[in-house]
Each structure stands twice: as structure tokens, then as C-alpha cells.
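Look for subunit A in each of the two complexes below; its partner is subunit B in the first and subunit C in the second.
Presenting the complex of A and B:
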């Protein structure tokens, strides 16, 4: 899910950068410098994982994984997604250069929401709670991203209304796919290495907790 | 996967020799100018200029064409759907979709002379000296550094899955397997973070990056930069004045 260059007007592009700058600043400022190399190694792993082709009907898609990034990296998910999008734009020309700000808000804010959703749901006591929480975090992250995508397109003009609706509708199959992958990954991590999940201790450093 | 945007950074061209800080700055100005374009002649001019710089940079066109597939995928919905859904009729929709498509293509092409003619780490150092926050640049460099190893690892994991008879299909089982595979990838990355950090400290890492390249801004740099800035100004001028004279 990316917005390419050439679509958004300059005002939306500027708003995207301002929003991204504020949120990235807030989440990065709390982190000690030594947390960054570690978060970056995790970002690298997620980046590569998101390049895996997943078959979907007659075609195949790349996963976004922003929900899973949120679950594992917590608040640092936002700068991680910023870095991931910068690299995707520079290395593969996926998504524009000027639209990195808008794209980071679109995928990064839902990642922060996914981290909260996962923490809230997995705290309760019922069977398969890790998988259920993972599914909700993964699929809702995609849904929120779809909503933000539609909103960004609407800022480009009223004639984009139908395209925005179609973009949101095409998120529904993605929600199922990402939800199921995220559920499996969350259950796997909870079983194999629970300390990775941000809610328990977390992947990077104690002192980064908000 | 070919993450090497700078595969042809070793070539020599006027754009390769341009100071990396100036290169990034002036092309960024051009991208902003291109984002301001609203009419077809302006979009075509932007595409022409971008193409000219690509030719100047001597980066092979085959390398570029392979990398244009993704952006075509993101831009073509606008070209197809806007004519069908535009409230002002199909003609207005086609014109707007065409402007978006051509503009988008031009802006992607600019990335190649902008970042394809400098080694990646030098571009990042240039970003740092252009006041991009140091923490962000450090994170980009680290992430970039480990991409290649992890990509190799994912390939091995997929090969192992295939050897056990795994065939990806559109069903729950496949997605569950991918979830486990990605989970394993995250575990491996996590287990490596601590060791990598300790190895860095052992080699004297002091929370700062050094590169061996030094920047210098010379008279030819100034000339080329002015030329690109002038192109950006002409682009905006043409786009604003065209409808007044010909529209």
C-alpha cells in the first residue's frame, strides 16, 4: 500500500511530512541511541519479510506487516516504518519520494494502534488469545491504513471519491490475509520467544517504554 | 530482489561528478516543482527533463525499465479509473489521469540521477550534512546494512519449505505457514541484535558514523546546480503560463 509521487497536491505532501516529523520525533527522542541499531536490525528483518510473495487468488501480493511491526517494536514501530519506506522508495521505487511523509502516517499510525490493540486483547484470559489478538491487530492495522489512504486521496480533490472508495474496498481481502499471517506470527512468537513482544519486556530496551 | 539502486554509481558522467549534497538538494527542488504541475504540457516537459537527466547519467535503460513496473502499478489505476468516474466527464478525467501518470513517471525517473549516481552510503552522509536528523540517518544505514544478509536467509527458508513439499496457495494453511516463517525471521533478527551491537562496541563504535569520502562544492557543481534549478523554475513557469496563452 503506497501513494506514488504525482498524485497528492503539495499541501497534502507538506502536511504528511509535518505529521511524520512530529510523531517520529516524539517516538525517537525517548529512545537511547543504543536502542537504534537494535531497532534497525529488526526493521531490516521486517523489511525483508514484507518482500515475500503471498498468493491471493489469481495474483500475489507483498505483505505490509505494519500490525506485526507495531506488536514487536511498540512506539519505535513508527520510525521503523519511516526507515522502511525511505528504503523502499530509494531502493525499489515503491511509493514516491515526496510522499514518504504521507505514506509513513498512513502505515505508521495504524502500527501504533495495533500495538495498543494487541496489548489490550492479549492481556485477557481466554484460549488462543495471542492468535486472536494478533489477528485483530494485523487486520485492523490494514483497515486503518485503508481509511487513511482514502483520506489522503480525498485531499487531492472531490473527483477522487470513487477511487478512494475502491481503495478502501480492496483492503477487505488484505485484512483477512494480513490478519491470518499476523495471528500465526504472534502465536509463534508468544510460544517461541515471548520476550520479543513489546508488552512483556521488549525487543529493544527497558528504558524506551513510554 | 535487487536492492542496489547505486549499482551504476561507479560510472562517470556530469551527474556522477556533481557534489552529492547539491545533487540531492536541487533535484528535490525539481521534484517539488513537478508536484506543482497541473497541466499536460508541464507534465510532458517534466518527463522530458527527467528523461534527459537519466540519459546524461549513463545508467542503462534496461536497469531503469525493470524498476518502473511498481510505479506503473500504482499509477495506472488513476489513468484507468479517473476517466470512468470523473464528475466532469471522461475527457476531463482522462486529462487529469494523464497528468498524474506522466508526472508520476517523471518524478520516479528523477530518483535515478538523484540517488543512482552516488554510492548509497555517500548519499546518506550527504543527507546528514543537509541536517536530516542523525538518528534517522544512522537507522537507515543500519537497516540497509542488514538487508542483504536477511534476504539471503529468507531465500534459504523458502527453499527449505519447498524441499519439504510446501506449495503456496490461497488458503489458511499457507498463510499460517507464512506467519510462522515471518515469526522465525523476526526471532533470528532479534537474536542477532545484541551480538551485532556488542561487536560494534568492541570495534570502537561511538554512536557516530564515519565515511572516507569528503564533499567539495566547486564551480562546475555550481553551474550544474543552477541549470537544474533553472529547469525547475521554467517548469513551473510553463505550467502556469500555458493555459493563459494557449488554453
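Presenting the complex of A and C:
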């Protein structure tokens, strides 16, 4: 799920960089210094996860983990994903250099949404709420990324509905896999070390969200 | 009990969706081109794990500015162009989801030669000719280590800067 160079028009590339700059600035403005080591670990996970191929029937899918980055790093997920994508582009040739802005918005905004979804659902009172919240956060992050991918490609003159249908069909297995990964991680972390999850650490101070 | 049921439902959904979807969920697209015979060109488009990029458009553009030739890959990710004139060509393939790969090749007429593809992006043209199924990319261990080193180095750098500022602040209080 990386848009390559030469696919998007110049205006979309510029819009991607401007949007990424604005959102990265907003999310970094009140970033707590204490979260930096955690951000480094999650950025590393995001950076390497793209190399993990999961064979699935006649195809194979690739982990993205933007949902998990979102529920652990909260608003810091966006700059973490930006750094991860820059390194993926430079070192693995995943996506293009010019499209880093568009790719960051495509994966970073759903990560912020995943954090919000996780915070909303896990606040409710029912059994296994952490796992359910993690599953929803992980799978919906991929869903939103697919929609944003279709939106970006629409700016390149492609038909939105066709691309969206194709993107979401391709995303479907990944949504399930990432949902399960996020559910397992969220349930485990909430049990053994809840302070790793952003909501538990910053339960009172929600003002850091953009 | 409900969670167990949800888990099994997820597994079924995973299985069914895996059977229904094509291998388009990739991070990049690789293209290998090789001259076969005198002036026929075989192009292979595939994803980094070696799975073929099926039924995607391929364009072969001559370097002299002549109109490009278009074709579509088959289910094995292959397509052929026949009767090319001697000269340099840019071979480009792109799937509908924004992945794009390209390579360059020289058709020399009687004797065929192709420049080797950049390391880590596509197999060498010769190897593509001898094997129908392209091999997947090797794990780039050096690049992984470089990336991890950069991330933790950056974090350490910011932490040292912050620590330095804190120490200066404490010192100025005294």
C-alpha cells in the first residue's frame, strides 16, 4: 500500500507534502518527551513490518501495522509513520520519494483514527473490550487507508469507485490479519503493561490530540 | 465463548477473502525484461515476494521518442513484444493500485544484450530468461540494520539534546 513515483500528478504530490507538514507539526507540537523511546520502538516495528509477507491462499499480504502504531503512540503515530515511510522509501524502495507526503497521509491519518476508535470502544464496559477495540482499530485503519488510496488515485484521473472496490477487496485479508494482531497486542498490553497504550498513559490529558 | 466464535468467524473470513482476492496488496512492483531471439522482448512483472502481477498494462517506450507499444501481462505476469527495432527502450508496468515499476533495455538486433537491473530491485535479465517464475527479493538485512540504527540514533540524538537543555536549565537555577 505505497503509491510509487510517477503515478500522482504534481498538484497531488504538493498537497500531500503540505498536508503531511501540517499534521506532523500539529501532532509534534505537544508531543511528550517521555514517549520518545516508545515511538522509536514502534517506528522500528512499522519500518520492518512491511517486509513481512503472510502467504494467504493464492496471494500474499504485507503487514502495515498503522493501527497498532496508532493505539500505542496516539498522535505521535503520524510523525512515527512519516519517519518509517521515509526509511522504507530510501532503503527498501517501497513507494516513491516524491509521494512520501501522500503515503504518510494515507497511512498516518487512519493511525490517528485507529487511536480514537480504540479510545472510544475500550472505554465502554463489556468483557474483552480491549481485544474488540484493538480489532476494530487495526482493521478500520486498513479500511480507511484503502479509501484514502482510492482518493489519491482518483486525483490521478482514475475512477474512484473502481479503484476503491479493488483496493478494499485487496485490503480485506489484511484488515482481518491486522485486526487480529492489534486485538492480541491490545489485550496483552492492557493486561501486563497498560501504560504502554497511549490511552492508559494519557487518559487525563486528551488535549495533545490534534 | 463469544470471543471464540468471533475468532473462528475471523479465520473463515480470512480464508475466504484470501481465496477471492488477487495479489495486488504489495509495496512495489518489479519489472524484468529480456530480449529473446533477434528482436523480441519478454517482460515479467511481479511483486517482491515473487508472485506475478497479473493482467496489468505494460508500456515499452523507445528512447528515440517513437510512439510507445502497449500490452497486458498474462496470469503469470508475462507479456511479449515482437519485431522491435534496434535501440534503447524503457519498459514500464503499473497496477491499478498505484504500484509502478520500470527498467531499461537495449535491443541490438542480431545480438541481444540487456543492462543488468539495479541490485535489489529486479532480477538480472539473464536469470529472468532462464526461469519462468521470478524469485522473490532477498531480505535486505543491511538496509534493515541501517534503518533501525537511524531510528534509534535519531531518538538518542533528540534525547541527548533534551537532556543537555535540562542540565543547562538546572545549572542556571543555581
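In this text, the second predicted complex is superposed on the first by the 180 of 210 C-alpha atoms of A that agree within 3 Å, B and C clash if a C-alpha of one lies under 4 Å from a C-alpha of the other, contacts with A are read in each partner's own complex, and residues count from 1 in each chain.
Convention: contacts are C-beta pairs under 8 Å (C-beta built on N, C-alpha and C of every residue); 3 or more make two chains touch, one makes a residue touch a chain.
The model shown is predicted, which means the values in this text are computed figures rather than measured ones.
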Once the structures are superposed on A, label A:172 by its partner contacts, choosing first (subunit B), second (subunit C), both or neither.
second
First (subunit B), second (subunit C), both or neither touched by A:68:
first
Tell me which partner A:49 touches in the superposition: subunit B (first), subunit C (second), both or neither.
first
If we overlay the two complexes on their shared chain A, which of subunit B and subunit C does A:149 touch? Say first, second, both or neither.
second
Counting only touches as set out at the top, which of subunit B and subunit C does A:129 meet: first, second, both, neither?
neither
Report the partner of subunit A that touches more of its residues: subunit B or subunit C.
B
Please work out whether A:9 is in contact with subunit B alone, subunit C alone, both, or neither, and reply first, second, both or neither.
first
Scan A:192 for contacts with subunit B and subunit C and give back first, second, both or neither.
first
Those residues of subunit A which subunit B touches in one complex and subunit C touches in the other
2-8, 33, 36-37, 39-40, 43-44, 47-48, 51, 53, 56-57, 83-84, 87, 91-95, 158, 162-163, 166, 177, 180
Inside the complex, what are the residues of subunit A that reach subunit B?
2-10, 13, 24, 28, 31, 33-34, 36-49, 51-57, 63, 65, 68, 72, 79-80, 82-84, 86-87, 89-98, 158-159, 161-163, 166, 177, 180-189, 192-193, 196, 203-204
Interfacial residue positions of subunit A with respect to subunit C in the complex:
1-8, 33, 36-37, 39-40, 43-44, 47-48, 50-51, 53, 56-62, 83-84, 87-88, 91-95, 127-128, 131, 135, 149, 152-153, 156, 158, 162-163, 166-167, 169-174, 176-177, 179-180
Once bound in the complex, which stretches of subunit C touch subunit A?
2-3, 10, 13-15, 17-29, 47-49, 51, 94, 96-101, 120-121, 136, 139-140, 143-144, 146-148, 150-152, 154-155, 158-159, 162
Taking the complex as given, what residues does subunit B use to touch subunit A?
1, 3-5, 28, 31-32, 34-36, 67-68, 70-71, 74-75, 77-78, 81-82, 84-88, 93, 96, 100-108, 111, 115, 120, 123, 133, 135-136, 138-147, 150-151, 153-154, 158, 168-170, 172, 174-190, 192-194, 196-197, 200, 207
